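Next come two complexes built around chain A: one with chain B, the other with chain C.
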Partner chain A sequence: MPLKILILDDEPIVGQRLKATLEKEGHNVETFVNPLEAVSRLEGKTFDIVVTDIRMDDMDGIEILELVLQKSARTKVIMITGYATLEVARESLAKGAFDFIAKPFKLKEMRQAIEKAVDALQQENPGNPAGN
Partner chain B sequence: MQPVHLLKKFLGHRGREQIPFAELFKRFQDILDKNNAAMELIADMDGKMGGDFVFDRKYLTDSVHKLKQLVLANAYDLNFITNNQFLAIYDTIEKLAKELEIELSGQMVIRETRRIYHLNEIDEGMEDTVGYKAYNLSRMVSLPKIDFPEGFVAAIGCFRDYLAYNNLFEKIASLIETFKKEEKSVESVSTAIGLMILGGDIPPNVRREILNAANKICKGKVEGCYFSVRSSGVGEDGELSFAGLHDSFLNVRFGELLSAFKKVLASLYNPASLSYRLKMNLFQMEMAMPVLYQAMVPSRTAGVLYTLDPNNPDRPECILSGNWGLGRVVVEGQAAVDTFYVSRNTPHAITQQKIGSKKWMLAPLKTGQARKVPGKLRDKPCLSPLEARTIVEAGLILERFFKKPLDVEWSLDEGGRLWILQARPLKIQPAKRVQRPELSEVLKRHRVLLEERGMIAYRGIGAGPARLVTENDDLSQFPAGSVLVSRYAPPRLAEIIPRASAIITDIGTTTGHMATVAREFRVPTIVGTEIATQVLEPDQLVTVDAERNIIYEGRIEELLHHQLLEESAFEVTREFQVLRRILKKIAPLYLTDPNAPNFTPRGCRTFHDIMRFIHEKAFQALLQTGSNPRAFLKRGGKRLKSQIPIDLILIDLGGGISQKAAQQTHVSPDQITSVPMQEIWAGLSSPGTWNMDPIPVDFKGMMSSVTRTRSSEVMGNSLPGVNLGVLGADYVNLSLPLGYHFTVVEAAVGPKPENNYISFRFAGGVTDITRRSRRASLLKNILEKAGFKVNVNGDMVNARAIDLTDRQIRQNLHLIGRLIGFTRQLDVLLKNDADIERYLAKFINQAVPPEKE
Partner chain C sequence: MSTITLQLKLRLFIYLGIAIFLLNIPVIYFEITKLNQRLVNLELAEDLYNTILEVRRYEKNFLLYHDRESLLSNRFYFQQASELFSKASMQFQKSFLGSDIAQLGKALQEYEKFEKLYSNPSALTTNERIETKLRNAGKDVVAAADTLLKMQRRRVSRAAGNALKWPLIFMGAMLVLFLIGAKIIIADVVRPFGLIEKAMQKVAHGDFSPIPYGNKNERRAGHMVAAFNRMVQELESREEQVIHSRKIASLGTLVSGCAHELNNPINNIVLTADVLNSKREMTTERQEQLMGDILNQALRASEIVKNLLEFSRAETSVHKEFDLAALLRETMRIAENHIKLSHVTVHDKIDDNLPRISGNHQGLQQVFLNLITNAVHAMEGGGNLTIRAQRENGNKVKVQVEDTGTGIDESILPHIFDPFFTTKDVGKGTGLGLSVSYGIIKKHGGQIQVQSKPGRGTIFTVTLPVHTKIDQDLTPPCGERMA
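Here is the complex of A and B:
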């Protein structure tokens, strides 16, 4: 079942590479480098999974996390960052992030995180894996 | 006065006071530690080249910064222990760091002001200097077994010089403005600019350089020497978007090379090109036109290969079209030609052919005129099945390299030899990409042979028959397009890597020689699977998915096609290209020979060179603190007690000698705790290493005779006349300058393969140079078999092994120990060449015991 995935990172390379990999897995992927554009998209559409960088110039990834969960509690949010500190990880997990990945990461790590999210979505809503 | 000189002067006053020995050792140990940290960092960056990681600019910036700090700290330590003998190293570091910063900023580095580049002189990232056509060609010319006509490019500098010399910059700019504002038609603007360009004069420097370069290719015989002269456009999207918009000329005589230059320049402003730029909004980019010159091949048959059928990209077929003579009629589609559909799978059979009635051909060279095809050739196929296969094989090697379907221009000369003239991406309309069933569904139908075994060293998909390569195989027989399967990853496999469609090894790491070469040639590679050589059958057809780390049985076209038709491969991302460029200034080791004249701060080309230089000079400083055994014994050195006739003083950096021996002046071999030294000693003292046959001179006397003149002759004055071993728990540096040879071994053994290495240097001997060189090449054989990368220069052998597993490094150190014993005795034992062979055979027969799992 294809999932709707949004990826936000102000470094274009992240979206570019994740999109190629995840589309190959059959998912529908939208990528953003500008947090504000991503926010406006998130307001218009509910995604199954949101992958967001934590530190960006215009907006904090934690804000994105809060915003996403406020709108759709079942959406799984995966946080990525180049400044991996335990503190940030703890904060984002406490605020409801599904997983946390430190840059640079292997594509496999991200795939596994997505697979875990898919499992969680299925468990929450067995009849409809993508939760639609 | 320059700040650096001031600093030098100031620091120089710190004087010549003796640095305490203990302090010296501590600093040396620090240098070793930081070098290790730096090597780990380099290995980490190099590993990112495999495509399996997502990294961003920050990662690159941080890594370079950390590396610089480590190297600077080592430079400081070196200058501390040498009383500031090497202040120039700071300049080298700063200069290199500056270059890296520019690369990181993503600015186009204006590297040089050179006007002309031969194809083999074009470096990574120079596409904006030489244009895409020349750049792509330059990437391909390094691929072995494929021949390209010699050539050079009149780079962007020639174009700019031409415009400046004729005062054309502003005139052209204002004409283009009128076109953009639609004040004038494209035809009139194009004609006006064209006339200005054709009417200009070529600046003398450009004229001279073009003719010199061409003359070199013609080897001075300009009569009968012909060139193709082509546009090599510069643009955002590679040459693809401008394909066919600019002019190319074939069969250009030497005397017409300069006018052809002007004609190609003028074609930059032809109506099609100007309209295209306007439509695509490309006028904000600089317009420039490098010009590519290539020697013409006198072709019997020439044509074009599409590695996929653009109309049926899902079919595993190539389209090959050709005609007699020069290829232009094929490229321009003007005349009837032969068309062959050839299978992409080995043995590349022709599945279908349409033999055209070929009335016209372009005669090779001289005239280059269209002429009638002789009657008996008209309806005869212009290619044999074998020739078709050769062309397709070459095309697929190129396709694997670019990971894109290609449009390849080729030519067969009178002798039937294949030349590749051009290769460019083949455009396949998205609409033509047939919707195929979900890839994951397809994959489920294929048997998985290996999954999640080992590590991905280079990302991608490759398929072909598995070919198990063992130590003694003749590598020239490796069939192109096969999957290379090997137990180990020895450096000798490098030569077949470009021909492999994928690589799988049992043992190896992503940081080894082979992984590096695989990345260079973009071959999908999985290393360290442990069991691939047992699981995969010879010639079994397999698909290697070095993205998900799975090896499937059979050839999965869907997976291969998905890769070929993917929008953009990771290789073209900016971060990846920046990493590739910065690594060139970081990772390679050029300074391998400490006796070479360029072994200086100025001679360091990379961070790795600098690290090597600092390490070597720091070690020499350590050795120069004494000139005889007594001096070292006085400072805590210990003499090794043993039956072996070698007088060795050991110095412990910490952890190299048992605590119990701390107060002793003599130690026995079993008190050595340095792991690499233990292994070397085990080899050195193993039964049979020391020949105990009666020998003509007093052997012991010979070995201990201190021939200091000889040793200082071979080593400059870098080593004292002492056999010295400097030991750490996981480090050894053994310098044995006595007798008639000198040997230097350095090794580190650690838990991480990227920090393991052995370097072995050997030279000298009392025999004539022929025999010494002969011996050097015999040593080379022994060492290469063991997986060393070996350089021989005269009688000097320089060998280096990196990235070894724990067992390999132990085996190799044992071997080195035996080699030391062996080489020590050569001069005494060898009376003629036959003896060399005999002793060598004996040595090899006693070789490392066969490996057991």
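Here is the complex of A and C:
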């Protein structure tokens, strides 16, 4: 079933590649490079899955995570980290992130993470993953 | 004189002083003994003189009254005078005064001759002729005794003078010696110390210029100045090593920044290649677009690597012309990671028409990286970092690094440029950043200044001449390679 996915990374190529792949799988994907634009979009719409980079110019991925969960606790947030350091990963998991992926990653890894998120969403709320 | 070392000179003076002092003792002892001897002699001469006067008194009585009594007394005193005389002549012989007394001896013999004529009591009658002769002989004896006495008096007073003179001469010699020694100490020790103290203050601020062998005073202090200059040279080569290790330290900052930076293009390449690699159908156009992305991202990665290499290259004293604005922006990029982690906002106020400047690209980059790193450290909870750069009058450029951090307390402000001065925890700061920066700016003929308001922030101002002539003597002969 189609999911609403938001992808935020200040590297445009990341959004482009993920969008192409995920749309082919039938998901509904919106991509952003500017965190502030993404934030205003997140305020207007509830997504099933949010993928965000941790390190960005104007905002940090952890802030996005907190904001998303505050608005909709069931949204699954996947963090992309430049540093595959345990510390950042632990912090994001502790703050409620669903998973994290370290750069550089392959499309398959991202797809697997998203599949896991879909499974989790279905278990929580069978039949209506989008919650509406 | 200047070839003799100071140590030798001082030792010489001390030995000379001791020698004079030691010589003083026997001389004074000798003089006092002599004086003592002379006093004994004088006493003897006085006794002799007084006895002779007694002889003459009874002689006069006898010649007046022709009495036996007076004659006997006269005899008695003459006997006594003769005894005293032989004692005196023996004594005087001992003190080499034999000739003084010879006259008196002769006069006494003469007197005795005439006196003997009265030895026969029957001869108590008067004889004008003999009486006159006796009287004349008596006068001669008194005159000789008087001369002897006076001579002894003179000798005593001369000996007393000598006994007083020698200590005075020695004291004078000691005084002269002391004055010369003091003069040498002032010229060779005190003045050079002043000179060296001044030079040391310069060294403390990273200026390693040697003391010039200019004027006479400096030449006099030659050995000391030479030793100091050797030390400064040594220190300077050490400082080159410190600059080196600083570079390795800032390399850490750089590497962590680069690692993050490199990750992005690599990730982009991985993703794009992954798409190309998938067995999905796609148009040639799409394929070309993806290939182009890979190429661009690869170039981006190599650019980052180039930066890293540029910075780590060991040529500490390469002197070239370059774009200062570009250097500043590059430095800001190197520190970007650190800046972002501390929630610091950067304001770029670098003038667009900055002149190209000549100098050591890498050294200056290190200076600005140190200043930026310090500024960011001072703003752990976030703040504003402003980098200003503009042209100044007189072919100079001014770069300011301003932060809104903790500021620097007035009490530590004078020390921040000192090597190893740090307020940071062990392992966090080496305290070398500013001292090394000071040295680099100094070598460019520039200045580095600081203004700070505790609690408000700090401004570091670097002024550089546009055309730097780096003093080649101050740089090591040939670039050492990084270990």
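Note that the second predicted complex is superposed on the first by the 132 of 132 C-alpha atoms of A that agree within 3 Å, B and C clash if a C-alpha of one lies under 4 Å from a C-alpha of the other, contacts with A are read in each partner's own complex, and residues count from 1 in each chain.
Convention: a residue touches a chain if its C-beta (ideal position, glycine included) is under 8 Å from a C-beta of that chain, and two chains touch if they have at least 3 such contacts.
In this text the structure is predicted, and so the values were computed from the model without any measurement.
Once the two complexes are overlaid on the shared chain, A:93 sits clear of chain B and of chain C alike. Once the two complexes are laid over each other on the shared chain, residue contacts for A:11 go to chain B and to chain C alike. By the touch criterion defined above, A:26 lies against chain B but remains apart from chain C after alignment on the C-alpha atoms of chain A.
Of the two partner chains placed by the overlay, chain B and chain C both lie in contact with A:106. Once the two complexes are overlaid on the shared chain, A:36 sits clear of chain B and of chain C alike. Contact with both chain B and chain C is seen for A:82 once the two complexes are overlaid on the shared chain.
Judged by the document's definition of touching, chain A residues 11, 13-14, 17-18, 20-21, 24, 82, 103-108 lie at the interface with chain B and also at the interface with chain C.
Within the complex, the chain B residues that touch chain A are 48, 52-59, 438-440, 547-549, 562, 566-568, 570, 573-575.
By the touch criterion given at the top, residues 11, 13-14, 17-18, 20-21, 24, 55, 57, 82-83, 103-108 of chain A touch chain C in their complex.
Chain A contributes residues 9, 11, 13-14, 16-18, 20-21, 24-26, 82, 103-108, 110 to its touches with chain B in the complex. Within the complex formed with chain A, the chain C residues making contact are 259-260, 263-264, 266-272, 274-275, 278, 280, 293, 297, 340.
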